[in-house]
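Two complexes follow with subunit A in common, the first pairing it with subunit B and the second with subunit C.
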Partner chain A sequence: MITIAFYFFAVLITLLFLVTVMSKNVLYAMTSLAAGMVLISGLFFILGADFLGVVQLIVYVGAVMALYSFAMMFFDVNKDVKEKNGSAATVFLLGGAIALMLVLVFSAPMIGQGAASLYPQVAGATNPQAVGLVLFTKYLVPFEVAAVMLLVAMIAGIILAGKKMDLSLSTTEEEILDETQGGDK
Partner chain B sequence: MIGLSHYLILSGILFSIGLIGVLRRKNLLMLFFATEIMLNAANIAFAAISSHYHDMAGQMFAFFVIAVAASEVAVGLGLLVILYKKYGTLDLDMYTVMRG
Partner chain C sequence: MIHEVTWIGAAVKALIALLLVSAVAGFGTYIERKVLAWMQRRPGPAHVGPFGLLQLAADGIKLFTKEDFIPQFSNRLIFSIAPVITAGTAFIALAAVPLFPDFTFPSWIPLLGGVFVPSIASDVNIGILFILAAMAAGLYGPLLAGMSQQNKWGIIGAARTAVQFLSYEVVTGLSLLAPIMLVSSLSLVDFNNYQAGGIGSWMLWQQPLAFILFLIAGFAETNRTPFDLLEHEAEIVSGFVTEYSGLRWGLFFVGEYANMITIGVLASVVFCGGYSDLWLIPGWLMMGLKVSFFFFLMLWVRASWPHIRPDQLMWLSWKVLMPLAVVNVVITGIVMMAMA
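Moving on to the complex of A and B:
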């Protein structure tokens, strides 16, 4: 049963992410990315990481994808993306080779010596309980730092995107300046 | 039976898909999507190793990766909006200022 579920999720995730990477339309790419994230949370549930799966659903599919779709209201999404590419074969070869190298590098110490569990799961605790036990003891300081980082990111996002919000997008000074200068684009 | 290696291979495949996206895309928004794919591939590997060793550290790192991804998206999209206001396009080739 788990085998079927794993292969189902794995094939679908790979196909959806391939669509994301290959599609010319931004809207298709974003939709398939969101669907792939939902299926990845399914993988987390199979692995017994229930809390991580729920966080993946809420944060990635809920927040990040909503942020992307809000941002896409600024951009012209109906227009297909025109990209000139060198040779696709080189890109595929480079991507595959680098990924293989990374997998080898990171799996080398694991194969070399038996890794031992540093913080073993507490017996009898459900997954959210175990997460809480480790997160608020061993990882308390990184947790607080992550909270401050999210606050900084929120303020930065507001300040960056909110600048000149009262002006229309197409008539900002820079664009008129760019057009008068000409030849720059 | 599905073991650790299955998940690691899946993670490697997804990571290379993201890497291919980063290499071949010229649109900045698409580059962001490809980065998300790479982060998710890393998360799958973390969760798989965490469940293989019955250790919570992997899941903790996955949580922090998600937090970093969320803040990266917030700041990055703000910058994208500014770039789009300034240049009217998201094509990376249009941002080149030095012509050799």
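Moving on to the complex of A and C:
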């Protein structure tokens, strides 16, 4: 049963991400990306990692939604994008090499029987508790570093977007807006 | 006594939830029009059947028989998928929602006798996060609908969907974090049991701020007025549903009403005692009453308040509600540490 479910999700996810890469239509690419991300959470649910599955859902639903808003700004979503393909051979070679490398890296532990969990799960801990225990003991430093990085990114974002933030575009008169923004005349 | 949940029990529960919520969603349109009419001192639907009750059937026939129209230059595939996403995710979220207490079929009923029906179709131990995630995924419906239909009102509706989603999502999560810390579980059954001691032990009294924040975010999540930005008729014709007609439009509607019920159930289970009995009132009736109250509250607010602008929603969410929610979480944490 689990095997069937795994192959079902695996095939669907692969197909959807293929559409993401191959499609020339932004709307198809984005939608298949979002659907693939949602289906990946299915793999977590099969493994009994409910918490991680839901985190995958929540994080990527929001992230892809932000990508959509960029797609909306930069593309006409109902027309095909003209892609600039310099050298098909180089793309094929590089892509193939990276794919091969990933397969080797992830299948190496299976062949060498070196796949053992370094920090075995605490008995009786529920899903979120198990994640929390490892995150706040073994991986505390990477966790805090990630938090600092996110804080830096957030402050940078505010500074980049924050110019003239006290000026409301919807309540200021148009003439004043033209002057302050240097308007197009 | 612990009952084993069989697949028949879960299937029966899923079927009941589906039928019940679809029926309530349909009936909700009638209630909404009647309540709004009553608050605005006009009769509302009054001509079809007694008290206009058969208006429901008339609307249904109209929806079913209307021409299913797909614009020529739209993206047909995405255009057809979008309404299904809204309705589908709304019902997927309901899979983890306790709608009424569990019960067992009496043994004299043929086929189903003795089957135990659980209060939740699928009691995942991270229930509350699952519901939030499924409802968040539901916003892809309006987004894709608006982007695929090649209509400028549609694309404005889609842009507003993104704005709305990026605004309220943080507030929903952070406002629920403080109650989750108190219960120290993500399962809605644990939330219900935590407040089993009657009205005095409702989460509402311990977390009044979180309750208000959650309600505000819930209004934004279900696109109710004052945050009715996606399809505001007075500004952007009909937003993301401009080009939809017939049953596809109906699916959006069912999804929206199912989401309203889910938010009502979440508010009652997390903050207002859930489906426990109160004095002489049985649990299923309490649940019904509380969900009805929250449904009525949404209509009440719609009748009394104008809606706000998208930039005001973003301002409200990020500059007022989110800091309040963070302060609430920090204070809850400090109090919990002091009490421990």
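Keep in mind that, in the parts below, the second predicted complex is superposed on the first by the 117 of 185 C-alpha atoms of A that agree within 3 Å, B and C clash if a C-alpha of one lies under 4 Å from a C-alpha of the other, contacts with A are read in each partner's own complex, and residues count from 1 in each chain.
Following the convention adopted for this analysis, a residue touches a chain if its C-beta (ideal position, glycine included) is under 8 Å from a C-beta of that chain, and two chains touch if they have at least 3 such contacts.
For clarity, every value in this text was computed on a predicted model and none was experimentally measured.
Engineer: More residues of subunit A in touch with subunit C or with subunit B?
Structural biologist: B
Engineer: Who does A:163 touch here: subunit B (first), subunit C (second), both, or neither?
Structural biologist: In the superposed model, A:163 contacts subunit B only, not subunit C.
Engineer: Under the stated touch criterion, which partner chain does A:25 make contact with: subunit B (first), subunit C (second), both, or neither?
Structural biologist: second
Engineer: Identify the partner contact of A:66: answer first if only subunit B is touched, second if only subunit C is, both if each is, neither if none is.
Structural biologist: Once the two structures are laid over each other on A, A:66 reaches subunit C alone.
Engineer: Once chain A of both complexes is superposed, is A:10 in touch with subunit B (first), subunit C (second), both, or neither?
Structural biologist: First partner only, subunit B.
Engineer: Determine where on subunit A the residues touched by subunit B overlap those touched by subunit C, and list them.
Structural biologist: Common interface on subunit A, subunit B vs subunit C: 51, 55, 68, 72, 169.
Engineer: Per the contact definition, I'd like the list of subunit A residues that touch subunit C in the complex.
Structural biologist: Answer in residue numbers: 25, 27-28, 31, 34, 38, 50-51, 54-55, 57-58, 61-62, 65-66, 68-69, 72, 77-78, 126-128, 168-170.
Engineer: Inside the complex, what are the residues of subunit C that reach subunit A?
Structural biologist: 73-75, 77-78, 81, 124-126, 129-130, 132-134, 136-137, 139-140, 143-144, 147-148, 150, 155, 158-159, 162, 165-166, 169, 173, 185-186, 309, 311
Engineer: Considering only the defined contacts, which subunit B positions touch subunit A in the complex?
Structural biologist: Checking each residue of subunit B against subunit A gives 1-2, 6-8, 10, 12-21, 23-27, 29-30, 32-34, 36-37, 40, 43-44, 47-51, 53-57, 59-60, 62-64, 66-75, 77-82, 84-91, 93-94.
Engineer: Could you pull out which subunit A residues touch subunit B in their complex?
Structural biologist: Listed in rising order, the residues are 2-3, 6, 10, 13-14, 17-18, 20-21, 26, 29-30, 33, 36-37, 40, 43-44, 47-49, 51-52, 55-56, 59-60, 63-64, 67-68, 71-72, 74-75, 81-85, 88, 91-92, 94-96, 98-100, 102-103, 107, 110, 115-121, 130-131, 133-135, 138-139, 142, 146, 149-150, 152-154, 156-161, 163-164, 169, 172, 174-175, 178, 185.
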